[in-house]
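Next come two complexes built around subunit A: one with subunit B, the other with subunit C.
Right after this comes the complex of A and B.
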């Protein structure tokens, strides 16, 4: 793909080693590196210095919008656009509208959060570069892109080897 | 200190987990699977034929008649939508409660939810009698005024609840599948599989940043699904409770329906899981007897809750002093449909009591049989609620019976064909245990591995 980046990657076979390696890579001053694993590794966010995800803000705002949309829809259709007397109830009968408002809150919040995940993870992406096919199974990798501060292939390769990497290779990601 | 028992047996490595769970997707189907699939598919074709007749000739082929205008379709709708609830309970509610045992059953339970809701969703649409006009159920600008839908009707709340539930549970399920699709893609030896699963994985890369967002989204969706699943069966119960019919018009319905839904759903999970364990031997290490035992405990607990609701309904009917209310309940137990009431009580309250014995909770044949009885009992619960309340209400001159026809049987039995066909296809095409979720709990119960979980 056009938008992959050249760089260097180390591959590990143990969770504890890659956690340590991620911490050391960060301490070495790299900021744009990626740690790749087949499952969420406990403690990896701290090791890589990743901030808390911003997705909950999207969820909250979308939920509020959904709630408002539900209120607006039920009020406008039942009391404004075509007011019909149903069983002598008030035209704007809020308690009866709460289920609709609740469901739309959930629907908006859930779908917007998923859309936000897609945006945050740049998905969907056609044919993403694969450093090693075992990274979605039982291996772990750290990838440092060429444009990161202090990028020096031989230095990184040495550091990765010392940290227990089983393989270090120049690649694209 | 109480020692935790391992969640995954067999001291598996990460690679073993991937190999085990991907195996059913990658190998040629077994004879047993093909046999079951052919059976289920034939039943599905029969179902399509029955539904085509019901749509083509008319809803009158079913036994609905004055005064029982709600019959098999509504009963079976509530039955299937209730089945779905256990999947969301396992995947969302137990996730929020940090129940790690849920990981290996969550995927299949969620699949069950999605397919059960799909099966259920057809019934109200067909029950309208003119399903080609079903888009009238949704509020959209139209040239009839515009005449809007009636937002004060519980039936419309149901449209919103069920369609939201179907959408959100499908999305939740799919989000869980994305990393596992990427695993299958990376393992794929042939191009077609690589392309198909590559497309399904949406280009997932598994970086720490992605996982951070992903875990947050999973938590959010679990948090949203939890009130959603409670709301759905609450609103389904409003379909009945908001009407002023004796036997329906009770405030106990929302919690009673939710408990019943969880009860029946867990029974279906146990039915399916015992079969999955027989058909796919490698899953026995992931869905262990401990898992089955925990689910049996939930079945027993919710069974007791449901039993309490039956008793409470009877007491309140007597205590209310309302003669119509009293009559409906006496008629339920001792009237012409008494047999269905006692079937329900036997299957739902008496039979699950066997799970007080640990050896019974851990016996696969026993739990399979009990779960089938619970499924039967819960179908009859909805039959009892719907039909016995309608068939004799205020005026003896308008009493009648539900004229069950073989189309009713066809609709009920055929719906299992649809559900099982989807479920069997799922078992072969999708990883039936969440690979990415099981790996972090591998160390639970193994002291020597120094697991920090």
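Right after this comes the complex of A and C.
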């Protein structure tokens, strides 16, 4: 797709090495680099200096909105728009409304989280550039984009090689 | 994992019970004994109700540890290995369930209305239940439960302690079978235990979810206690490296999860009874909606669910020692209030009654509970060092 970025990538075959490399890359002053792995690597967030995601806030706010929406819906349908006497209970009976409020809390929170996740990850992306097909199974990569501070291909290549990269290549991601 | 992003400095000190804490524990036991003896002579009714609440509270504490260890064994969990000893310590109280149960039988007639023939004669609904609600069957159930838990504790915790000496990894596998059996035994027998001790105080009333309700409280309180122990052990430097913020974080996740579970079960019990509106079922909640009990019912909802739930939502809150201590203590207090709320409306004409009887008996049990866990830690290593899954626990890491 149009919005991929040129840069340089190193390929590693060991989890421990890529974790170390990620930390060194951050310590070398790069901020926009990406670490690519087929599965979540423990400690990678800290190694890359990734801040906490803003997704939980979306979940929480959407949940609160869902709770309110549930209350509004049950109140309006059973006490305002079409009042029906059920078992002699008051028209506005909170205990009966709680299951619906709960369900809407979960529904709003879950769907909003997924939507926000898609937005945050720029999904769906149908043809992302492939740095190395083995990155989906047993290899790991660190990609530094050309516009990162202090970008210098020969310097990065040398650093990656020293950190145990099996391959360094100019690519886009 | 081959490498971890921060250097691990491992250290376990030999546990020595702080002299002050020991003195306090003995003093608490003394207060309890004194209250008990005076109560036997002066005020048996008050004595036995307060005894029942405290007995049930600490039985739950002891059982929560065994249950938690069992589910971790079944799940073959690696992360929790290094904090297992803290849960195992609470099980040192289990022998006291047997002894305490024996003592409870002394107050049998004061507590359970169905133990009186005149009550049964005047309540045909209760008379129909005597196949279950009779003294001998009650005693049998109580003993099967207490003895069974003791035997399972002997096997499950025993294997773990044996491994400390022999280092045999087979002991870890050997613990899976007994753990599965214990969970099955526990789920059935703890329901009976709750129904017998708490639900049968109002023999005309029944709730089919009652056993799960008491279990949810047990587990929530157990996790609160575990979280407190983790924070204190870290703070006093007995163990370094084996327990980290990440362990604390996951235990508090348990605490938060079972806070929600408690609310879910409590509400399920309430809503179905409220909706169906059948007299035999609603009497339980009517008793708890009158006089001062309404306030306590609302208090439970707020401080056992809403406050801990919101307070434990943020990630930072689960990793903040003081915050975890405060919320866990609140949960433990509410566990007491919850059991109190299940027992007391049945007595003293439905008036809210609380005083030094309740405090004294609770203090006695608390003293015994503290002494049993302190002696457990003094006798055994604070960390099961030779567990084959220890490496997983040391490198345990909670990602964002």
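Following the convention adopted for this analysis, the second predicted complex is superposed on the first by the 173 of 173 C-alpha atoms of A that agree within 3 Å, B and C clash if a C-alpha of one lies under 4 Å from a C-alpha of the other, contacts with A are read in each partner's own complex, and residues count from 1 in each chain.
One rule holds for everything that comes next: contacts are C-beta pairs under 8 Å (C-beta built on N, C-alpha and C of every residue); 3 or more make two chains touch, one makes a residue touch a chain.
For clarity, every value in this text was computed on a predicted model and none was experimentally measured.
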| item | value |
| --- | --- |
| Touched partner set for A:135, first subunit B, second subunit C, both or neither | first |
| Which of subunit B and subunit C A:31 touches, first, second, both or neither | neither |
| Partner chain(s) touched by A:42 [first = subunit B, second = subunit C, both, neither] | both |
| Contacts of A:147 with subunit B and subunit C, given as first, second, both or neither | neither |
| Which of subunit B and subunit C A:53 touches, first, second, both or neither | both |
| Which superposed partner A:87 touches (first subunit B, second subunit C, both, neither) | both |
| Which superposed partner A:20 touches (first subunit B, second subunit C, both, neither) | second |
| Winner by number of subunit A residues touched, once subunit B and subunit C are compared | B |
| Subunit B/subunit C common contact set on subunit A | 40, 42, 45, 50, 52-53, 56, 87, 96, 99 |
| Touching residues (chain side subunit A, partner subunit C) in the complex | 14-16, 19-20, 23, 40, 42-43, 45-47, 50, 52-53, 56, 60, 87, 95-96, 98-99 |
| Subunit C residues touching subunit A - in the complex, by the definition given at the top | 1-5, 267, 270-271, 274-275, 277, 313, 315, 395, 397, 399-400 |
| Touch list for subunit B against partner subunit A, complex | 13-15, 17-18, 139, 145-152, 154, 156-157, 160-161, 164, 167-168, 171-172, 175, 179, 182-183, 185-187, 198, 202-217, 220-221, 224-225, 227-228, 231, 235, 238, 435-437, 439-440, 452-453 |
| Parts of subunit A lying in touch with subunit B, wherever the complex brings them together | 22, 34-42, 44-45, 48, 50, 52-53, 55-56, 59, 73-74, 77-78, 81-82, 84, 86-87, 89, 93, 96-97, 99-100, 102-104, 106-107, 109-111, 113-114, 116-118, 120-128, 130, 133-138, 173 |
